[in-house]
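One structure follows; several queries about it will come next.
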Amino acid sequence: MDEGLRSELSKQGIFTSTLEDLYNWGRQNSVWPLQFGLACCAIEMIATSMARFDLARFGAEVFRPSPRQADLMIVAGTVTKKMAPQVVRLYNQMPEPKYVIAMGACAISGGPFKQGYNVLKGIDRFIPVDVHIPGCPPRPEALLHAFMTLQQRIDGQRLTGKSRPRHLNAEAPSEFPVPQFGAKDLEPPFNPEVWQPPRLVRSE
Amino acid sequence: MGNPVDQIFVILKHWLLSFCPEGYVPIASILLSVIPIMAVFGGLFALTTILERKGLGRIQNRYGPNRVGPCGLFQPIADGVKMLTKEDIVPRAADQVIHFLAPFALIGPVYIAYSVLPVGRNMAALDLDAGLLFFFAVGAGSELAIFMGGWSSRNKYSLLGAMRAVAQMISYEVPLILSSVPVIMLAGSLSPTAIVDAQGGHSHGLMQWHLFTPWGIAGFFLFMIAASAEANRTPFDIPEGESEIIAGYMVEYSGFKFALFFLGEYLGLFAICGLGITLFLGGWHSPFVFLEWIPSYFWFFGKLMAMIFVFIWLRGTLPRLRMDQLMGFGWKFMLPMTLLNILVAAIWHLSKTWLFPGVYLTRWALCLGILCAAYVWLGRSLAGNRSVGKRVYRFAD
Amino acid sequence: MLGEGIIKGMAETARNFIGSYSDPERLVTVQYPEEHIPAKQNARNFPFLVFDVEDPVAGLRCVACKICEKECPPQCIYIVMDRDDKGKPCKHPKVFDIDVSVCMSCQICVEVCPFDAIKMDTEFELSETNRYGGLLLTKDRLSKSNEYYHKIHSVEAAEVDARLADEKAKAEEKVKAKLAAAATAKAAAQAAKPVAG
Amino acid sequence: MTTEYDPYLFLAVFLGIALVFPLAPLGLARLWAVLYSNNKPGPIKNATYECGLESKGDARVQFRSDYYLYGIVFLIFDVEALFLLPFAVAFTGLPMGAIVAMLVFLLLLVEGLVWAWKKGVLSWT
Amino acid sequence: MTTLNQYLIVSALLFAVGLAGALTRRNAILVLVGIELMLNAANLNFIAFWRFGPNPELLRGVMFVVFSIGIAAAEAAVGLALIIAVYRHYKTTDLNRMDTLKG
Amino acid sequence: MMPMQTLEEIKKRLESAVPGVCVEIVSNDSPCQQRSLLVDRDHGPQVAAWLRRDDALRLDYLSNVTGVDWPEVVTKQKIKVKRKVDGVEKEVEEVVQTRSGGYLEAVYHLYSMELKQGAVVIRMRTGDRDQQNKLPSLTPIWRSAELQEREIYDLFGIVFEGHPDLRRILMWDGFEAHPMRRDYVEPDDYEYEPTPHDSVLAKAKAHYPPEVAP
Amino acid sequence: MTISFIIICCIVAVGAIAAMSLRNLVHCALCLTVSLAGLAALYLRLEAQFVGFAQILVYIGAVAILIVFAILLTRSNEPDESAVPRAGSWSGVAGVAVALVVFGTLVLSILSSSVGKTDLPASPGATVKDLGNQLMTHYVVPLEAIALLLTSAMIGAVLIAKPDKLRAGRVVKGGGEHASGT
Amino acid sequence: MKTTVVEPPVPSGAPVGLPAGDGRFSLLPKTSFDGRVETELLEVAMGPHHPSTHGVFRMDVVLDGETIVKLKPVFGYLHRNHEKIAENVSYLASIPYTDRLDYLCSMTNNWAYALSVEKLAGLEPPERAEYIRVIMAELTRLANHVCLIGFLAQDMGALGTPLMYGFREREKILDLFEALSGSRMMCNYMRFGGCRLDLPPGWVREARVVVDNFPKFLEEFDNLLSGNEILMARTQGVGVLTAELAVNAGITGPMLRASGVNYDIRKVDRYGIYDRFEFRVPLGDHGDVYDRYMIRLLEMWESLKILRQALDDIPEGPVMDPNAKIRNFKPKPGECYERIEGPKGELGFYLVSDGGANPYRYRVRPPSLVNLTVLEDMCLGHNVADAVAILGSVDIVLGEVDR
């Protein structure tokens, strides 16, 4: 795809923007999660898809067991170091566009178990996370809320231009290296391309 | 023939054809038949997916998709848009060519099976003398397509799923064909149109659907069981048995190819339901004479929707069988029953010539008796030496 | 083995299907963004700090004693005590951070706080795209008024208020008593003085 | 009945269209991919899926012969059904003798079925 | 219009291809496939001769082919079963290797 | 049902039933008073088999198997001793070192499902924590020890001889430590800690550039 | 010679040649089905509707499946280097040569005979009903014979393919009672 | 029930193969299985991401066709170092962690832990607290069993309907928990020496409503599943566990009782105040998946009985032992093992105190893990689909298996 054609297309602003609207509308209303649960939060995730909360109302009850057909990975639960490579691999095997919701304290940061030697301190060390839901476990409504947050996020994504999301950018990676099991820890312990410890300014 | 509302599509087609230059009439006519079939059943697929999801939701005490568009009816469109824009992954180890061709091999045969289905009065695209045979023959093609999909993915689960699917489909194909043999015998034709016509008569206000005979009832149920196995529907959805082999032969399919497999499955379901309607439920005939005024295609599609609803209902209720039980059921129950049903149909036909009072009831009793006895006996033997059944439990204090 | 069980099951699902149109028991869905399940009295999600008077800074009940910091099982509270210019600690937190991305909503901080300064919030709509800025709750985000506390846990808040008032009264009494004692002592001393003198 | 066309021509055209039909969305998807979001294959993404683990061993191993046994029985009964169909069509006009002949035909095959049943061929192990 | 000859040539071609395959391929299954092809070539001949021959209403050719299909099915079943049985013994479907492994 | 035999009785009968065995009763001063039998490791399986078969005990159910790490602790105690210093008897303070621990321990909780009694606790100790870290496996006697002993092997590093499948169970195979030991050092992966404390703070600090260190 | 005939012939020929020359046996089987489908189309062109569909039903629906099963059962689904006749292989060349000779003689004899020049006679209009009547009257004996043949073929094939001694000693251990099929 | 002493069964095979990358062992034997296997063996990993492994469990299975000839469970994907963490925090701070052990039954976990600490330190909870604990434990049992049955049905391919119904009822119980403790799942409710809070006003009434409505639901379940021919065919005679093996392998809970062994710790140890309630222990005779399913169903009826009695008899009074110290709690040196009948089996806590504020050794005896010992024995010779059902009937929760 040459740049010329692309700029030609972007000139046809209306076409692109309606296309963008359609694209975003389709994506945001048909987010199929990967059937994937890790720990306690998974139970709340299941509860969310059950009758009382009914994730299906948003068209998202199609929990696909195969990553090939899923759009959304809900990392629901503690990611242990033993499990982390598998999670990353599953993420890699999902087709673009794909989203990640880190559900619960454990998935975001290791949560209550972050002091453990086998617990990964946040899945965002290896894969990019779109929405974080704090809570332990987050209430099912919180997952629904996160889901709507994700929908809004999708809605705001541009089809072209600099600010276009990762999956529309040919240069941006869509798979990330899978960490290896080391003698003491995962190797590498985090992926600097995805995650870097933020600067922490703190007054004593 | 018939009222204009009933024939509106036929009339419309002819009217459109009248604009067509002479030499092109056949091809235009073909297109005018083909395109509506594809569009209508394609649309029905979209509608069914959402209805299924909503129906399952209701069975499960919830709403189901209800946010996208009015009542969530645009859900399939959104799904379609998403699938269309999804990345398409072909595993490295896969057999690229066959992986690509498999969805085509599924959609093609499944679609052309519709050409012999009469969806309304004068609304069969083709009237083949060996129409039913054509239908079955073409249906066999989908087995290979599924095998292609599963084998080419080179994934353990998908290969297992494909082998299961093929084994299942061949096992239930024989009962499927045999269960329609009684209808063919009594209708005396392999042409679906003729079979529907054969059910057009009526007595006491009730149409003479084949369903309203003892062999018809049995045949219908046997046919529908075989049909649900052929279409991989619960409780025979083992090829996709999520809890065992992830997504069966579709594990490695993503994006729209996956959607095509889905489409193929549903189209197969509609086709086989349509055939069931044609064979046993009087095709586009209404059940009662006084309802004949309702256009025929409404009847056909109404019956189709009703059957689809039953399938959804089943899907919401039943667990799935195990592979060995499935095969056992197919060969040790379905096949003997269908064979017996042929015999019963023959008896039913031959006993028509009997003449004594109460003959009608006697015939019914005889035929039903044979069928029921066989049913009980075969059902028992199916449970077999494992003594499957209700149990009593002890309690300790 | 003749299909009765299947038919029974089908009847059951049919009952539910039809029931979902007529019987609220059978359609239990709460359509979340529009409808809410009413929050329970005791419901808890993340802690917040209670302030009393209208002032979210000075009114904080927390005295930065760091008990909660110590007891919090996953160690997600971070407190720095405020110091005045001379470096003398003044019973007030300068920094009070709770990392809700770690907090396990266990309520232990609430339980151990001797000053009823930290309580559990019921807010759960905290989904964030930004983990670092959004999920580290600082003092200003944590401080909520006593009215708010009353709103979410009316029974408990009333109890706490009564207890605090009680304690306050007792403390005042004590102070008064002390003062009085001091006064009497003084008086006594004064009375004694001349004797001594 | 509309008979403006040759049935086989119809079938050919229908089959052609049905085979091409999936091309439309797939082409559209391809176009989309080319225009906006390129496929980004990768060594892990395009690896075989196996429950999140690295796939080990080849999927294409030898299967068990049960499949084949069912295949044989199926083939035989498929052919049987093939012979049944013309009989069924002609059934109403046939003399008793023909019906008996068919019965014999069926019984012969049923005998095979019973044999297979007894031999446990129809029991999936 | 197509003539009988053309059908016969197609049939001959099919036969030749099947023959070539059966003779050259060393995999027993493919040899069987070649034989199937030859059989089908014969079937095509029957149908063509029936269609172009006298008395088509007697359906001789059609009947013959219907029976032939049945026989071919039986043949395929037995043939493949043999191959499987041999494979189980020698772990190969290569005819040459089967030869050498004999005994 | 007869009340269960006391530990002393069991010990006595055990000593006569299994020749050469060396059993000790380990006391327990906490209010629950669950005392246990310390069995020497060479006779472990025989003792176990006897306990399982003995008619009065019938300890057919092994409930809980666990390991405890007792690193060597040197407790220093100052005691005053009288000694002659320079010929003069004087009271001097002397430091007495008592060494305790320095071994790994496997604890088995046994019950009887048949007689509905229990628990009898037996324990075995390894020679030390590094080289002589072997104990006999009781899996051949009670299957329920299979996974739990594997777990102890994984987390504590006790090698159970005679265990049918002694592999790591919870950690991955290339993992090189026994994390439940008390001297295990956790991997240092506190790259980001918004609310660090004590040791975590120290670890986290190492990862921050000096100007942002908390 | 019409276009449709040419197309169908191409399909048949290409399918057959591919089936005989491809490396991967599953591909061969799939090509065989294509070829057989083309053949079915030829039958249809010759107005043998029943045979045409029967061809699809039996060959594509069953024989092809059986072949595929056999391929997977014998693990010959992998490309086999030795399967394709190498250029210098004597037997390969000889096989092709024999086939060519046969083809040549057949074509020569076909072209030299005068039978084949006749044009298509009028449609016989054979319906399935006629077929059924013929079958149940004139062809009853072959019918019974074929039933016998099929049954014996099935029994034979099953006996050959069935791993008898293996089945008896299937591994069953542990607490699991071996569940035989229902 | 008299169990005969049998020779200990030989534990399933010796380890084979070498570790491959990704921590995978090759289970394929170098030589064939005594030449008895006719096809090539297919080694399939089921899990850690697999729809039916209830989280992140993994079974490496070797298939002969579709028959399982070898099955090795692989653990540790949810090893969250619970024990290590508990040894580094105070006795109090472990309680919220016990919630997350078996995250479907936080209340019983709390209880087991509280019981152990109470025994270790010699605390006595007041009577009302004991009643509350029984009520909570039985409610938890209900919630756990409905989930389990739902999952089991889903594993066998029922498209979530039983699971949905189960969760519908579970939500009602969770509402009760939330009203009491503030959280749906992670109750963190019990303390050593009693319970954290008293029942809120009106709670008993609400609980009674739930308990009274529950039989209706159980009957619904019965109609939907128990008599279903497909379910019966899939579960009866599948995954049989003999009483001998069950006892020897330390199986506990409904699984043990499905094998016919009458051993219910509520009856044996009579911990808490279980001796005050009338209830029976259902026992199965076949020890197959169906029995395990039915035992749980019947157990729910008994739980309802207990609940009714407890809700009727619950006395007034304090809920906390006034002597109990929550903060700076330092029990005397010593050790203690106490166990309760959790919904999944015997859940015990083994605590060693060295007199400090943290336990010196903290160990959970996880019923799920021990119950998995016999997974291979139950699965051998069965189909893959059966393995899924068998695993479902074992009722594991990974948080507890791996801790």
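Here the chain labels run A, B, C, D, E, F, G and H in written order, and each chain numbers its own residues starting at 1.
FYI, a residue touches a chain if its C-beta (ideal position, glycine included) is under 8 Å from a C-beta of that chain, and two chains touch if they have at least 3 such contacts.
Model, not experiment: these values are computed from the prediction.
Q: Could you name all chains that are in contact with subunit D and with subunit E at the same time?
A: G
Q: In this assembly, which chains make contact with subunit B and also with subunit D?
A: Per touch definition, common to subunit B and subunit D: A, G, H.
Q: If you tally the C-beta contacts, which comes out ahead, E-G or C-H?
A: So, comparing the two chain pairs, more contacts are at E-G.
Q: Going by the average position of its CA atoms, which chain sits the greatest distance from subunit E?
A: Of all chains, C has its centre farthest from that of subunit E.
Q: So the centre of each chain is just the mean of its C-alpha atoms; given that, what is the distance between subunit B and subunit E in Å?
A: 34
Q: Report the inter-centroid distance (CA atoms only) between subunit A and subunit D in whole Å.
A: Centre separation, subunit A to subunit D: 40 Å.
Q: Taking each chain's centre as the mean of its CA atoms, how far is subunit C from subunit G in angstrom?
A: 79
Q: Where in subunit E do residues touch two or more of the other chains?
A: Within subunit E, the residues that touch at least two other chains are 66, 69-70, 73-74, 76-77, 80-81, 84, 88.
Q: Residues of subunit D that contact two or more other chains, please.
A: Subunit D, residues with two or more chain partners: 36-37, 39-40, 43, 45, 47, 49-54, 57, 60-65, 67-68, 71-76, 78-79, 82-83, 85, 88-91, 93, 122-125.
Q: Quick check: what residues of subunit G touch more than one other chain, meaning two or more?
A: Those would be 45, 50, 54, 57-58, 61-63, 65-66, 69-70, 72-75, 77, 128-129, 131, 135, 146, 150, 153-154, 157-158, 161, 163, 170, 179-182.
Q: Okay, in this complex, where on subunit H does subunit C touch?
A: 89-90, 92-97, 161, 165, 168, 171, 175, 178-183, 186, 188, 196-197, 200, 220, 223-233, 326-327
Q: With touch defined as at the start, can you tell me which subunit C residues reach subunit A in the complex?
A: Per the touch definition, subunit C meets subunit A at residues 28-33, 36-37, 45-46, 73-75, 80, 94-95, 99-106, 124-129, 131-132, 134-135.
Q: Mind listing the subunit C positions that touch subunit B in their complex?
A: Touch residues, subunit C against subunit B: 1-3, 6, 9-10, 12-14, 16-17, 19-21, 26-29, 31.
Q: Where on subunit H is subunit F touching in the complex?
A: Answer in residue numbers: 1-3, 5, 8-15, 19, 23, 25, 75-76, 79, 81, 83-84, 119-122, 245, 247-252, 261, 263, 268, 331-339, 346, 348, 350, 352-353, 360-361, 363, 365, 369-370, 372-374, 402.
Q: Tell me, which parts of subunit E touch subunit D in their complex?
A: Residues of subunit E touching subunit D: 66, 69-70, 73-74, 76-77, 80-81, 84, 88.
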